[in-house]
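Have a look at this one.
Chain IDs A, B, C, D, E and F follow the sequence of writing; residue 1 opens each chain.
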């Protein structure tokens, strides 16, 4: 049963994807996708309930088959990518792929000895990731139904390219599940590469020149990461003979293990689009928005974090870990500052994704039980909220034909539902008591021994408040008087699939924060125990206690916000608040002439130049990291 | 998408003592362009010259502005005296100097307060207005009113000061001088004030000339031009040097004004000590002859220009007033683009604008 | 000081003004007076406390603006537009006769003012 | 800046300079122009004040023996006082009290023939 | 309930906030209004502060005449003040147009545009008179509250 | 247990309301005296608040109501949590909820002044939030705890963390919006932004915002007092001293501009914290 579940979590989405590629009948395809999304989610929940974890499981059926498939798949993938690089004539891809090919051939045919390892490894982390991928992923897939239809209508795409799109998306979900469940490092590697490929295909889905270019950039950067990945595996295997996660987790450390960590860390950084590789994620914003939501914020980029989390116990206490912490904190701050100068909503989200990934990396680097817990919580909450926000931006963009937050002024009157959901999404990212801030709090407390890291974290989170809150400000700012009345009158028409996706994600984002204690006890605590760390955090009914250092209780804040909302609704209702115009120096008659814009500090730093500095420093940090690993 | 916002500034605005309107095109904190709109104080009193006779017009021109009212009256009277060929008694000239210099001190202190307010230095505002009240007392005691003192008439002045009053003035003015030292310290030696004013709104000498800047604005840019040197009223018999500063930024304009306060104190002392005795006015008979006359006087804000055309009756044919602020506004418009939003009030106040003068 | 000014032909105005600029004169102001049914515009320049006046006589025609030469002339020329309803050609910033006046104010108020001769002793 | 601190603290130590206005009334200087009053016993309704007034705020009505004055138009210049031949006008040093509506001052010269005058204030909105 | 009303009335009386609009005055009255805030007169003793923003203010202090351009401004400043509010006209210009009432651009006193509750005469009005006027205005605020309460 | 907690929270809120009002009044009185004038009575702020509550509730955008409530409540919560001696970092986080709502509420009004004020406030937040957190981290460094109860057990922090104390004073100055840090909303409203971020809050909502400021003031003063927590009276005296110093500074400085302020505070904050850290290391 368990085996079936695990296997089907990979195979089922992939198969449905493959089938949907050939399903030319729109209605049928739709029904299939809805059904299968539902099933995927169900499977993940079943897994979460029925799996005995931590545990090792074999693939359903044969145990050699998956190994074989993966081996073949590896080569297939590499040749396919080579072909792509030839087709779009991008030599960088070819170079990195060829490097991988050489190493792969060397490894597969000359080094690797036959051995028998269970295919699946599942623990709480995998379950957590699986839940995110399957639930958020299927919600996004459903959203895409509505979105892609409008998208193609707006862009006059015909014949429809939706089958291709959904095929890739569903296969991607399968691949992600494979990535997080696979025990063998080779399997991990295969799925890793596969997601890179999916990302490329989806980025260039629209087929414009820009899309192709940005896709290529994403691919070569990820291929570079792949090179490091395979190199790391070879290194590990040749030195310690380890090729699977379970062994790795049991491994008690060796002299050169840090080199392996550094190599895999590098791969993780490319995947998580940490500077100097953040440009691929920014470029990836040309993809249809569900792609950005699914791959580039909630799941694929999280693969990097997943990998680092797996490496965390190995590097515990090393200098490397400290450098990673600094690097992550630095990324957190610097990309938050970059996001500050943006007014394009997707770019803001992209930069802040990179930034939050940096925060997770920093937490992992700090490597204490609370910081690991913080990282895992961030992983979860960020996936939901960010995914939601991307979907919101997509919806808004299709309506107002712009992604610029300056153009979203007063959107609340035009698209009340979307705007409110967007605001809630932003709030869940920005303020306590929502999970993101709770995890930031945990991370801050964990970071307090590393003063520099703490400083950058504090600054970074303050900076992110700027770009988030001005976004909300723009959404709800109006010149019209009597907002609530108008909202009530305004009927916003959204396709059901889109509405469902937005509402369910928003609900999740809020509800999860409410039950943060439960989530912590169920998923995060055991995982930290598994990592053999002394657990100092306790959670009970909305209270998170950080081992005598401090504590955070969520309920009072919720009650407070609830009360504020209730009272304000009551006051608005009872005393139909008198509405006036805004203060305009006595020039009320031509209010529309005047409007302040948000500060983007364009004059202070120009994005390109600033980015160069940031990239430079982060490259230096990565070099330091590599160097640190050798010492 | 442009990230430039448009911010209104005025007419009803707490830092603007008077209504003008500026449309500021800003990007972040930087002002890119400025579109002014004026006319909120325009009353059209030049036209009253046709309705009120020359004596009544004194009280009208004094109400062009409550800050520099005495000097408006003086300029007007000087113009008509010139036209009618009147030679006013020397005592009247000296009295005019004293009142004019008192006005200059009060006007500069008033400016200093508002200027301080423009960069959020409330205490400085309070201190300078506190000192200013002593000047107001002097005006009230000598002329009977705090603000619009109405002492000029064609042919001299209306009120005399007796010796005890003059002594009292000397004593009070010394008190003012003492109080000023703390104030001066607060402007000239305060790091934060310097930071807000030094290097802001720089106006080079050339620009100042071309834009026709007058008064402290011109003198702050190194133009040694002070009409009092032409010796109208009793200034010819008093000793003074125009105050000049070179840098041409807000700070040097402030320094000019503060030094001018001291200069005025000195001038008052001189005038009191040299005060001749005798009549304070001459009798004026008949209507002024037909003619055109120009009269200029160094107001607290710079040169005020009166053009008067008479028609041979007791009414003027045309009265035209060009006030110093009118001449300084082009300089302001040159300074504003490129400054920070927070500096807008500072720059506006640095020319010491007086809109009621400007728009009449 | 009593005013004396020399008349300049409208065509030569700009040239003359340019000459003043080149010689380092400062534009004090322009003054418009009604004279003999037409308008006299007096330009006052100053250097070293000496004032020089020139004037032009115009009727209802378009007056060349000197704001291209002396930027600071723009305010006063707009003011003359407001007060007398004259038109200046080539103003740096043109408020269209509404710099000081509001939308509902009279047009060219000073152009239509006549002295109300209020004789002595006559009761109103 | 240190000097500034000193002066601020000195101010704190000193008594405030505030004139505690409603509690402590100020003595005005003798020739302060506060508000205009007319002593109707002296006034002969010659009308000079009406003519010289720059603000046209005095109306002398000989027929009805009335001297009218609008305090909300008077600029307190004192010209009328100076020119009044009978010295019946006077500028008192106290200011006129604020009011919640505008009014005119109308002084009637009753029983003019008998040479006796009596002032009477009438307010009109 | 009564006590609460009293407290409210008292507070209204004790903390009237002022917005000052210079509506074409000659500055004479203007600077006298400002002088009321300076150490010598210090109207903050009575809790009066110049908030400069109609939305926060209880008393609108207007100086100067109304002209074509600023009548709308004056009106909208008045409209933006929340009730209860009173208007104080300072100086004769604001009361009737003063010496300028014959000018072509002057409409007359501010009562042409907005209702005025207190007139402070004088050209310029003396600071003491202004303080008296403001105190009177503060009392009017109370009256307005009272009236409103009766109406309910 | 729970009733006891609630009662404690309730009393602390009442007391801090009184304290906040009196402190604000004291501030105004002292400022006036320093300027040589008489000034309002100390309880003037209460009159103001009552008056504002009795005024007509006027809003531009309904979200302002929510913003005002949320701001007020989160500051109240912060006060209560402080009184219950909980985690300082959490208190800071909760206070920032309030600030965010406050800012967003101002942004919701499409008036250039509130919006620019909100922008400036945001940048001000970027300055004081990290500094505040750094101070807390510094305290943790010394005491090993973020909990107030844990912190209070330690010896006077002021000896170990004198410069952190200065940083916290800086934060207080920024939070109080007193000169030179009053560019987002000047207390006296004489600035280019009218009342900046508060421009369009009026009547009761302005009152709520004002009261929220009181609580903020109280919390930060209490944090200052924590530096001498072992002697409560001395601690309070110390924080009052800082408060007084802040008023003096208010009276001798001009307002800063945005760039200057961010640069100055960051440099000062970082310099001070790092030198203090170095000092700690040397002492150990």
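Criterion: a contact is a pair of C-beta atoms (placed from the backbone, for glycine too) under 8 Å apart; a residue touches a chain by one contact, two chains touch by 3 or more.
Note that the structure is a prediction, hence the values are computed from the model and not measured.
> Which chains does chain A share as contact partners with chain D?
B, E, F
> Can you identify the chain nearest the overall CA centroid, using each chain's own CA centroid?
Of the chains present, the most centrally placed is F.
> Counting C-beta pairs in contact, which chain pair has more, B-D or A-E?
So, comparing the two chain pairs, more contacts are at B-D.
> Quick one: which chain's Cα centre is the longest way from chain F's?
It is C.
> So the centre of each chain is just the mean of its C-alpha atoms; given that, what is the distance between chain A and chain C in Å?
Spacing between the chain centres: roughly 70 Å.
> Distance-wise, how many Å sit between the C-alpha centres of chain A and chain F, to the nearest whole number?
Each chain's C-alpha centroid was found; their separation is 36 Å.
> How far is the middle of chain B from the middle of chain E, if each middle is the mean of its Cα atoms, in Å?
The mean C-alpha positions of chain B and chain E differ by 28 Å.
> Using mean CA coordinates as chain centres, what's the chain B-chain C distance in Å?
About 24 Å separates the centre of chain B from that of chain C.
> What parts of chain F, by residue number, touch at least two of the other chains?
32, 34-39, 56-58, 112-113, 115-116, 188-190, 194, 199-200, 251-252, 259
> Enumerate the residues of chain A that touch no fewer than two other chains.
578, 580-581, 583-587, 594-596, 598-599, 604
> Give me the residue numbers in chain E that touch at least two other chains, ranges are fine.
21, 38-40, 42, 45, 50-55, 67, 69, 73, 77, 82, 98-99, 102, 104-105, 123, 126
> Considering the complex alone, what residue numbers of chain F touch chain E?
28, 32, 35-41, 44, 46-51, 53-58, 188-190, 194-195, 198-203, 206
> Within the complex, which stretch of chain B touches chain C?
Touch residues, chain B against chain C: 38-39, 42, 44, 46-47, 50-51, 53, 82-83, 209-212, 225, 227, 229-230, 291-296, 303, 305, 307, 309, 311, 313, 315, 317-318, 320, 322, 326-327, 329-331, 334, 359.
> Which residues, counting only chain D, touch chain E once they are in their complex?
So the residues of chain D in touch with chain E come to 16-22, 26, 34-35, 54-56, 70-76, 95-102.
> Which of the residues in chain C come into contact with chain E in the complex?
Listed in rising order, the residues of chain C that touch chain E are 100-106, 109.
> Tell me, which parts of chain F touch chain A in their complex?
For chain F paired with chain A, touching residues are 56-63, 65-66, 68-70, 72-74, 76-77, 81, 86-90, 93-94, 96-97, 100-101, 103-104, 106-116, 118-119, 122-123, 125-127, 129-130, 133-134, 136-137, 140-141, 144-147, 150, 194, 199-200, 259, 270, 273, 277.
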